[in-house]
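If you scroll down you'll find the structure; I have some questions about it.
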Amino acid sequence: MIYVTRRERFSAAHRLFRDEWTDDKNLEIFDKCSYPNWHGHNYVMYVTVKGDLNPETGFVVNIKRLSKIIKEKIIVKLDHRNLNIDVDFLKGKMASTENLAIGIWEELEPTITALGIHLHCVKIEETENNFVEYFGN
Amino acid sequence: MIYVTRRERFSAAHRLFRDEWTDDKNLEIFDKCSYPNWHGHNYVMYVTVKGDLNPETGFVVNIKRLSKIIKEKIIVKLDHRNLNIDVDFLKGKMASTENLAIGIWEELEPTITALGIHLHCVKIEETENNFVEYFGN
Amino acid sequence: MIYVTRRERFSAAHRLFRDEWTDDKNLEIFDKCSYPNWHGHNYVMYVTVKGDLNPETGFVVNIKRLSKIIKEKIIVKLDHRNLNIDVDFLKGKMASTENLAIGIWEELEPTITALGIHLHCVKIEETENNFVEYFGN
Amino acid sequence: MIYVTRRERFSAAHRLFRDEWTDDKNLEIFDKCSYPNWHGHNYVMYVTVKGDLNPETGFVVNIKRLSKIIKEKIIVKLDHRNLNIDVDFLKGKMASTENLAIGIWEELEPTITALGIHLHCVKIEETENNFVEYFGN
Amino acid sequence: MIYVTRRERFSAAHRLFRDEWTDDKNLEIFDKCSYPNWHGHNYVMYVTVKGDLNPETGFVVNIKRLSKIIKEKIIVKLDHRNLNIDVDFLKGKMASTENLAIGIWEELEPTITALGIHLHCVKIEETENNFVEYFGN
Amino acid sequence: MIYVTRRERFSAAHRLFRDEWTDDKNLEIFDKCSYPNWHGHNYVMYVTVKGDLNPETGFVVNIKRLSKIIKEKIIVKLDHRNLNIDVDFLKGKMASTENLAIGIWEELEPTITALGIHLHCVKIEETENNFVEYFGN
């Protein structure tokens, strides 16, 4: 088993709030993240897969192919988008980094598995100080 | 003359577009940056001041004071805000990194000058690949 | 289970030596780290917690609350301090990065557990080339 | 159990291709990595060991000793070298990051074990976007 | 005048040596950089341009256009190439970082000038510890 | 004229305070930096020199020689030392980053000039948020 990680980036807007809560309660719980006119981040995403070595290529996976999958399945949906409005797999969910990591895992997992390897981890950095990792359930 | 730099960060949403242009023209010029529902960045700002050494403190400027000025004059207006909607000093201007750097310079310059030192440069990183520097005019 | 990490920083002085050893032996074992007048580092700390998603907030933990706990329990004791002299939870211990990671774990663990989540890892970077991780015992 | 990591760097040339494949097939599979006149990288290597604390030193391992072992066993063979031509432990293998991580593990493991501690992970970053981790088998 | 910088990356092989010198003299002057079978680097390039603000776009230059120019004029010639063998604008020159920066400046300058702006600086990082800047002559 | 920069690092302890001031005044002016038992930093230093290209080597300066000079003149005096106690060129001066940059400039300048090139800048990063640049007077 070897672990291979690809880093990709996307810039998106989002906001944390619950409609059924007052502005004051949203501010109390979500602080600045609840400000009404959106804010955004340069998200950094690390997708880690694991598998055995292909003896012909010396690869677990051709990382250009992995990058292409991530771009086609994820980046195109998230980059320069609004996570609350534009993203099908986040519909009805809080646009937290946790839900983002889970959503990306679920979008990627079938395609990664179809390559004969395993998705191991989706890691999302929201800022240089905050990040989330999801290893599936 | 010694140069002292303070790094601060803010996360904001923005969008690049001109109302009087068609969506197609906006997309042609501004590409993904014109997407309608906003996107955002973790902006990194470097404020450089220059001046002579205060022999008592060994400082050009007390960097905690410089940081406090930047936070009170700039960060509070930009962090978790929408650059197109929420920021007084960007009203009526394209929310480009260039205009952001110029606007921050103009906000900070009088207060820095009042300290008896000089504002030298405002540098804004929008992503790890793009940044802008303004040295005044 | 989702993993959430908060990064915090502190600057501290320390020195590695054993009183009962000669200066020569301390130098042989600890090299420059045994120099008599202290040296110091910009330590970078990563605190990783794990838990289930709170469906209301989309959070494992409110990261502002996690940051506040780390600041109140750890940073205030370590930042701009001398690890050999000033830190209660390092008294009588070698001020190594290993002991620092273990000590921080023990300081944080009860408070993190009381939040209904689990402390997963304390990682301390002493320099850009050396770091230590502790996952409890 | 505590985990200690040392970061080291080396700059090397390499090329990905199979002699028995046509240039076109090599280009199809390995893309730019198959270009004939070599290319190269600033590889970053993280060697993680784990073990119990030595109560006298507060160390799992003297990290200067660990660094010396990595330099003598690995860096001297790889730094400013051609991975396809110059490296004994890669002879007959594709010069992929995966094989590099496995080869370095096998070179280091006996010496690390002889110290009474365990090799936990060899991580190799080929670029800022691609990295590989090997934990043994 | 505002300064705008675009960061791009390329991975290349090279070697420093003079044919008319003995191997010993090459080793004495160029040390490991003279090793016969090439080595390589992940070069990081920063291209800084300066100019006035276009009031319609808020840009000095459309950074996507700048990036496209750099990719078409420079990256395609350098990425995954051998600096000593493959690069027309380095023919007959030592493949040093200094000559690389000068060569890139000369390749880019006419195209940048034709945009109505000015090339200000080409900065090349060879490793995290060594970099070169050229501002024209 | 080409500019070449070498990055070096050192870890040191220091404290900011004036003997003739009360503890309260020191705390008011220097805040945590005045704490009595020292603290410390991983300082990062960038030494930039400028000069013409040597046509035989393609170098402004052999960067290994520049690194050796910095290590012998500066690092050996500062690394794992106490800036207030151990450093001859800081004696009688406040151990601020500003004075550190000026002191390093004065230590390096004659040796750099003797190489037939010019010292251009000494930059010192005290933390990831604070840095100082000195260009001589």
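Just so it is clear, A, B, C, D, E and F label the chains in written order, and each chain counts residues from 1 on its own.
We take it that contacts are C-beta pairs under 8 Å (C-beta built on N, C-alpha and C of every residue); 3 or more make two chains touch, one makes a residue touch a chain.
What you see is a predicted model, and the numbers here were worked out from it, not measured in a lab.
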item	value
Chain pair among D-E, A-B or A-C whose interface repeats that of C-D, sharing over half of the contact pairs by residue number	A-C
Between chain D and chain B, distance of the C-alpha-averaged centres to the nearest whole Å	41
Whole-Å gap separating chain C and chain F, where each centre is the average of the chain's CA atoms	28
Interchain centroid distance [CA atoms averaged], chain B/chain C, Å	34
Residues of chain A touching at least two other chains	128
All chain pairs that touch each other	A-B, A-C, A-D, B-E, B-F, C-D, C-F, D-E, E-F
Touch list for chain D against partner chain C, complex	1-8, 48, 53, 56-60, 62-64, 67
List of chain F residues in touch with chain B within their complex	16, 18, 29-31, 93-99, 101-102, 128-135, 137
Touch list for chain A against partner chain B, complex	9, 11-14, 32-33, 35, 37-42, 79-82, 85-86, 127-128
